[in-house]
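Before any comments, here is the structure.
Order of writing sets the chain letters: A, B and C. Residues in each chain are counted from 1.
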Amino acid sequence: MVSGCAPSAAPQLDDREPQFFTRAEWRFVNAWVDRLIPPDATGPGAIEAGVPGFIDLQLAGPYGAGAYWYMSGPFHPDAPATLGYQHPHTPRALYRQAIAGLDADVRRRHGKAFAALSPDARDAYLKLVEADGVGLEGVSASAFFDLAWRNTREGYFSDPIHGGNRGMAAWRMVGFPGARADFTDWMDKPGAPYPLGPVSIGGRKFG
Amino acid sequence: MSPRPKPVDAVIIGYGWTGAIMAKTLTDAGLSVVALERGPMRDTSPDFSYPQVADELRHGIRGEYWQPLARETVTIRHRLDQEAVPYRQYGSFVLGNGVGGAGTHWNGQQWRASPEDLRFRSHVLERYGAQAIGPDMTIQDYPVTFEELEPHFDHFEKVAGVSGRAGNLRGTLMPGGNPFEGPRSDAFPNPPVADIESSIRFARAARELGYNAFPMPAANASRAYTNPYGVRMGPCNLCGFCERFGCFLYSKASPQTTILPILKHRTNLEVRPNAQVTRILLDSDGKRAVGAAYVDEKGDLIEQRADLVILSAFQMHNVRLLLLSGIGEPYDPATGKGVVGKNYAYQMVSSVSAYFDKDVHLNPFIGAGAGGQQVIDDFNSDHFDHTGLGFIGGSLIFAGATGARPIEQMNLPPDAPRWGAGWKAAAAAHYGHSMSVATMGAVMSYRDAYLDLDPTYRDALGQPLLRMTFNWHENEYRLAAHANAKARSIVEAMKPKSIGVNLIKPGENYDVRRYQSTHTTGGAIMGADPATSVINRYSQSWDVPNLFVMGASAFPQNLGYNPTGLLAGLAYFSAAEIRDRYLKAPGPLVDA
Amino acid sequence: MTPIAKKAWLVGGAAAVLGGAVLTATALSDRAAGDRRETLSQPVTPALVARGAYVARLADCAACHSVPDRPDYSGGLAMALPIGRVMTSNITPDKTYGIGGWSFGDFDRAVRYGVNRRDQSLYPAMPYVAYARMSRADTEALYAYFSAGVAPAATPAPRNEILFPLSMRFPLTLWRWLFAKAPEAIAPPSAADPAVARGAYIVEGPGHCGDCHTPRGFALQVKARSAAEGPAFLAGASIDGWSAPSLRAGGQGGLGDWTSQDIADFLRHGGNARGAAFGAMAPAIEHGTARLTPGDAEAIGRFLKSLPKPPGRAFAYDAAEARRLKAGELSSPGAQAYLDNCAACHRSDGRGYSGVFPPLAGNPAVVDERAESIVRIALFGGQTPLTPSSPAQFSMPGFADRLDDREMAQLLTYVRTSWGNQARPVSRGEVARGRRASAGR
């Protein structure tokens, strides 16, 4: 399935039906993570690996609600960065508000949605946000960048049981054997190439 | 009205390593004991079962075994004049939760202190003079010697099935071991776990430079082993899921795999999980503990009366409970008076990474928290001459891999793009072919590094959070730079294709976002003088003699070693004294 | 439902069916029901009580009469029969709810003759067929223990839940006449080696090992009650979704080359270098055999080793498969599944780790002709028994969610045919049956 009206620019979408994201947000997130880890010959892109679906599931669940974070105020978003995340937003709120703000910002700058930008234009915009070059009302765009990149890596490399890392392709790309957790037979062969492919918690295996 | 369960002889607050050690000793002595644990019941089965445990996201990132920060965290500031803000997400350190505590998801790096660490202030004064100790440093001697603790170190190593190679056996230096360790009465109970490729390369390079590489003492049993309590452990298979995980192979020492099995069916012990202690109860004149108040899983506030109270929660929670209970005088950084919260310390880590060609197969996913690693102790404690270096204390320098979890432990060269196609290419190129040499250094204690109660933020029960005031000082920047340079020379001798350095530079603030270590210490320190310490040499409160406080909160300053070996030794030392002397005549074991 | 309860289901059900055809049974005189006027031949001394406590361990009375959250020996274990539920009784010395008012004769009649104080036959879940072989002296000691060594518990055992007319007991009486021998008719075991004779006494008598390990006949009676009654004795049986392996030495599926010391270690510690107990054997060890004296455990080993061997080639370890696995050469989907799921503990050489994770190579439970146990443990996992000598309990996780029926069958077939194991393959159907049988357990 191809999204939007500019097939040459917009990425494929994760083929799952989002539980948390709206359609517009879903297109945005797919287009965003597609640039964080683009598809190429080295290995799967974030969309192929199922990262959007992973993020959607995470946000729909307790993680998205902020259940893993201390979320009592008062909040001091201007505290030194070294003292950690101090925004009042749960992951859900951060995604929702930042995506709305960023998509509106892109429309102001380019006259179209972020998902409709060319890959190069999207890369340029990600760099701008990463460098804190986009100011949004009531939400930190760079905090969103950091969280989305963290969640993208989580979805890329976590066990497929969480909805990402489809086909364990990201593990295969780097050579991580996943939930194998048994290397007794390799303890006397340090330095020898490891021949076995990964196995997941659910028991799926490839080569 | 609070329901009142039957009074018991002793109540234990926190059922991790030291709680288990004390439960064993006190029930052996015939006491009726209740152990209160704020987190859930946990055991190898079903909580650490394969394959569910081998899940980086669930355990390594979301931290299913950690204390839920949503309910309670700490606040942190760098300086006295700042407003502290909450530690909202896990980063710098992880707090344990549940039966076994952090002892279930630790790495198992199992160290004794060096003899001079235990009389550190005296040792520095003797060797380097008073000017070596900075004016704001508040370092102290431990009120107990290496020789006194040695039998207890030895016992704990046997309980935990530690794998390693002795370096100093009753005064004789042993080839291949740590020549700097204090004399040990016995060898490790198990031989070292097999070295992994990165440690082999590290050890070879270190030896080329004249350093003494030896296997990391590991609470990962290298073979099937039965400990002195008759509990059997399985052999480590370097599965890569130690750190942040529970061990499915019964191989990593934890209370569950070493002590709790023999306590499970004792009729004089009751373990109450999901029981969060809010206060140690005192009698009217505040000189005697009469039990502990806790909130159970239904939210009811319950008072458990007891004649003896063992506070064996995590370091920070010990300090917080003392403050919440009004036991001991809170430390005041302005005057330097008071003791509770004083001398909070940490560790400073650094690393040097080596990036090899694709034909060098490091298989970094093969590894354990400690087993299979190699280490040098040449630049730790006072094993080297500090004259002219401008700092005191030292670092362990070690290499190995704890599992190379791809989300969190993806080790890429500093020039690799942070995201995008370049990041992916770097991940594919370097994951299996990079390694790090890490340094883990002591942090001294200072007048302005301490713990107290936060004036603003509260936990889910409405109680004030603990506030941490902490930052690096000159000594640490220098110490880390020194160790990092040594690590770098070793990495260079390994002849990698490229090198990456990770080092906190002078002036950089403590960054709570990056994991560094969970070796937080101090705040309820032990000493010889009630004016400068919270507990005596037997871990007994100076103010409330029927209260004993276990754990790394006792350390007057931190060391360049992992704390578990030392705090377990102190717990066994205390337990023996309680058994042999205190129970016969309850009262102060040391005259103030 | 416990394994013992399932056993009762089988035996009780068969008895009911059989007895239904014989309407005149109660009219017949009961030749084999003992005499309630019998009294103890000795005073109740602490020594006798202590001996009785030991006999209670041998006879594993706690397995059925003690349940969690109720006082010890106060009964209340539900045994589900097709006709309803039978509850084990309170056998503490409580006068109202227990057996405090019972004479020795009453007690002896229940234990060795299978008859209660109302002259009703007991459901043969009470192993009186084996207990009949218990000596009078041990029975007296047992009586002394349950009179003076156990705390009275004024706890009523729950009532049986069987409606008339199915609650009529006469079919059980007929069954008893057909399949139980009165103690008077049984000669004590004899052997040149007194240890073998002692072992036979424990195994055939109080230990009632045959209740699980001996195959059953048309009316679900054990096919042999003692070694003297033929090679069916302890030849292995399927019971309650487990396969109780043959205890006769020899062949692949039996105790093979276990020594009598191996057997003794297994009984006292819950495992040995060759295997670990699981399933229904785990509680039998926890309640019973873990407390055997070393001499009695060794005697049981000596007796089992003395049983005539069935034909069959003994296990011989073959290292070829271990070499292949270690090199990452996977000969079959079963080998892949083994490496992915089992090798971490049981090792690629199938030998496990002594005293921690049991070997699969040459393990009688693995190569048993009846595969129920290995299917069940692979699907649902298991736990080693807790004994005073082995406080660490090792758990095996179940793999029902990770492997489908086909993969599980491939895996188990691989395990049963590797490293020298030579057992028949396991079919998908067997795995599917194991899954169904354990659903809702």
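For the reader, a short list of remarks on this structure follows.
Heads up, the rule we're going with is that a residue touches a chain if its C-beta (ideal position, glycine included) is under 8 Å from a C-beta of that chain, and two chains touch if they have at least 3 such contacts.
Because the structure is predicted, anything quoted here is derived from the model rather than measured.
Across the two candidate interfaces, B-C and A-B, the one carrying more C-beta contacts is A-B. Taking the mean Cα position of each chain as its centre, C sits at the greatest distance from subunit A. Once the centre of each chain is set as its mean CA position, subunit A and subunit C turn out to be 55 Å apart. Annotation: 47 Å between the Cα-based centres of subunit B and subunit C.
Subunit A and subunit B have CA centres that are 33 Å apart.
Residue positions of subunit C touching 2 or more other chains: 341, 344, 402. Contact of a single residue of subunit A with at least two other chains is seen at positions 180-182, 184, 199, 201, 203. In subunit B, the residues that reach two or more other chains under the touch definition are 50-52, 235, 237, 239, 248.
Subunit A meets subunit B in the complex at residues 35-38, 40, 42-43, 63, 66-72, 74, 76, 79-86, 123, 126, 130, 149, 152-154, 156-159, 161-162, 170-171, 173-184, 186-188, 190-194, 199, 201, 203.
Across the complex, subunit C meets subunit A through its residues 325-326, 328, 336, 339-341, 343-344, 347-348, 399, 401-403, 407. Partner subunit C is touched in their complex by these residues of subunit A: 180-182, 184-185, 195-196, 199, 201-203, 205. Those residues of subunit B whose C-beta lies close enough to touch subunit C in the complex are 44-46, 49-52, 223-224, 226, 229-235, 237, 239, 248-250, 257, 261-262, 264-265. Of all residues in subunit C, only 341, 344-345, 353-357, 381, 383, 386, 389-395, 397, 402 touch subunit B in the complex they form.
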